[in-house]
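Shown next, in structure tokens, is the structure this report addresses.
Going by the order they are written in, the chains are A, B, C, D, E and F; count residues from 1 in each one.
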Amino acid sequence: MRFALQINEGPYTHQASDTAYQFAKAALARGHEIFRVFFYHDGVNNGTRYTVPPQDDRNLQKLWSDLAEQHNVDLVVCIAAAQRRGILDANEAKRQGKDGDNIAPGFRISGLGQLIEAGIQADRLIVFGD
Amino acid sequence: MSEMKKFLYLNRKAPYGTIYALESLEVVLIGAAFEQEVSLAFLDDGVFQLMNNQDASGTGMKGFSKTYRALGDYEVRKLYVETESLALRGLAVDDLMPITWEDEDEDYAEKPSIIPVSKAELAELIAGHDVVLSF
Amino acid sequence: MSTLHTVNKSPYERNALKSCLDHVSSGDTVLLIEDGVLAARKGGAFVSALRDAGCLVCALGPDLSARGVAADVAEGIHVIDYGGFVDLAAAAKRVCAWL
Amino acid sequence: MSTLHTVNKSPYERNALKSCLDHVSSGDTVLLIEDGVLAARKGGAFVSALRDAGCLVCALGPDLSARGVAADVAEGIHVIDYGGFVDLAAAAKRVCAWL
Amino acid sequence: MSEMKKFLYLNRKAPYGTIYALESLEVVLIGAAFEQEVSLAFLDDGVFQLMNNQDASGTGMKGFSKTYRALGDYEVRKLYVETESLALRGLAVDDLMPITWEDEDEDYAEKPSIIPVSKAELAELIAGHDVVLSF
Amino acid sequence: MRFALQINEGPYTHQASDTAYQFAKAALARGHEIFRVFFYHDGVNNGTRYTVPPQDDRNLQKLWSDLAEQHNVDLVVCIAAAQRRGILDANEAKRQGKDGDNIAPGFRISGLGQLIEAGIQADRLIVFGD
């Protein structure tokens, strides 16, 4: 079965990203497909490579980046939400005249249409939030 | 993407205190281009999103209530509002913005987009949609 | 020695207002801000709780206006602006936020 | 045609569980996750509402354990793990999150 | 910074679902070095922060409940817990972690840090502190 | 009178930063002092210069940066909270081996002690959050 996930909150502050990650791992272990993870609202903050969590704590950005690499999961950060919250890739940084970018490996910035498409293409869309 | 799905947007939060109402609306506007069947449901504090006479200027935030009135132009014509949620808050449909759409088949007659529903009807609506997006 | 209590949540969604009202002392002031002002809409389910609070209840005008309820504030609730918020905070001994 | 409803909020803090239970259809399942599992603690004020829900009620085991309530789950509530969450989502027609 | 102030930490949220409990504790630990008078209050869902037998390992999150037990070593010895909040949740003080401090003046006798209080007593506590930090 | 403010939530998602800003402006207009604004939890996200809010919307980072410059307000971002959430200044970036930083003008990164000190030094500490 094809799952799509939507994550509405940033890492650490709310459990949403943790629960979604555990769900994704369990779904993959059962042979399901994770078609896309769409990061919306503060969820875009999962996609910054600038985080430095305490050494004895999980690194949520890295967990997502690794999952994307190992299982070819499409991690999409909403562009409109990302602009409000300061998540940039190299293209966006150039376009907006910013002097750097902070997007993490495996994440890509794209439009809200990717969420609608995920709702259409996936068998189930599951929302994790506050 | 030939498959036609029914999308329900579940709006349960008040506007301005958090951004969910505004960013939900942004999804609705983008989603309208996908030619799926779209309904919006307003329940709990979500009914405050449709209040008439919103003026956010004093807070420094951007008002966005006018966008709800434009939804008809995007062919978003079904705004279900739960009557029990209104009543608990001392509100009636008359306290909400007049939101309409133009019916091409009836010489562009203006028809109301807001549809009052009971809790039980809203439960049926949830059960009748393919995708539920919660905000 | 009085406290200014701020409540920024809708009482229909969260228990913050109830918890606040359970812990006010006489002479305190309760200030509704952000989504907290929704409690002040006349006809709403929490108006009687505010009336029985036993202390001064204020609501932030700009937040009432943003939510379209400025014209329908329940009797007995004092509408103030950000300057009034500052004055209340200065007049109290401490500010307690019910987040 | 059934729905899996997820509730991730404490019923003591927010109205999400109440709102969810008001909108379930027969044959639906309610899954308590994150702070939502606090509703499942035996002796708590929401146990009777869950018993009267008229549908299957599950709670996520890892979240119960994190909060120290795994050994005291009220009768009638089924404890599952993340794999069980996946199975419930796959078995339902749609998933509705009460955020 | 010679002035002595009384700090009250107001903890109203459950642990793990959000980070407020953990980051509140981080403030308490840092604050302990400032030699002010410090009290912690646990009410509403904040009482769940002190539950015995917490094991977050299955969620992937970091458990931090042991830190509460170490508060005595930081001279944080007053953990007020509201009994009405416990009762509503079906909890009693016995369901909470045993948290103690060592009284130097009584041959390092272990004394309980958790102090059950009523709503009315907690209201008085708020009125008796200079700074209230809400989490 | 000396006020200190604590902001617990990021910009745009919650109104906390907006309300705190309006409070600060009103307090300054009445001749009070804003001793410090301490950004904690997701509040640290107010301090990134990478945000690009819509052109017809307020720019909260810029509003705070301008207030700091005009009224000499001390804007402190909590270091522990910032590390979890990916807010870095040049020093932190170097220390953590990151390839860039994103702190906005007028903000500085420091420890939780600055919050306690604000509570001690200010006449009133006011918390804005979720």
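Here is the rule we use: a residue touches a chain if its C-beta (ideal position, glycine included) is under 8 Å from a C-beta of that chain, and two chains touch if they have at least 3 such contacts.
Going by UniProt, the chains are A, F = Sulfurtransferase complex subunit TusD; B, E = Sulfurtransferase complex subunit TusC; C, D = Sulfurtransferase complex subunit TusB.
This structure is a prediction, so every number in the text was calculated from the model and none was measured.
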| item | value |
| --- | --- |
| Neighbouring chains common to chain C and chain F, by label | B, E |
| Fewest touching-chain hops separating chain A from chain B | 1 |
| Rotation, 0 to 180 degrees and nearest 5, that superposes chain A on copy chain F via CA atoms | 180 |
| Chain whose Cα centroid lies at the greatest distance from that of chain E | B |
| Pair exhibiting more inter-chain C-beta contacts, E-F or B-C | B-C |
| Distance-maximising chain from chain D - centres being C-alpha averages | F |
| Distance between the centres, which are taken as Cα means, of chain D and chain C, whole angstrom | 33 |
| Whole-Å gap separating chain A and chain C, where each centre is the average of the chain's CA atoms | 38 |
| Centre-of-Cα separation between chain D and chain A, whole angstrom | 25 |
| Touching two or more other chains - residue numbers and ranges from chain F | 8, 12-13, 15, 19, 22, 41, 54, 125, 127, 129-130 |
| Where chain C touches two or more other chains, by residue | 8, 12-13, 15, 34-35, 62, 81, 94-95, 97, 99 |
| For chain E, residues contacting two or more additional chains | 16-19, 44, 59, 61, 131-132, 134 |
| Chain-level touch network, classified as line, ring, star, complete or other | other |
| Chains grouped in pairs wherever the two touch, ordered by label | A-B, A-D, A-E, A-F, B-C, B-D, B-F, C-D, C-E, C-F, D-E, E-F |
| Partner chain E, residues of chain C touching it in the complex | 1-3, 15-16, 19, 22-25, 28, 93-99 |
| Residues of chain F touching chain E in the complex | 6, 8, 40-41, 80-81, 111-113, 115-117, 119-121, 125, 127, 129 |
| Contact footprint of chain D on chain A as seen in their complex | 1, 3, 8, 15-16, 19, 22-23, 25-27, 29-30, 32, 123-130 |
| Interface residues, chain E side, partner chain F - complex | 1, 3, 5, 7, 19-20, 23, 26-27, 30-31, 33-34, 36, 131-134 |
| Footprint of chain D on chain C - complex, ascending | 12-15 |
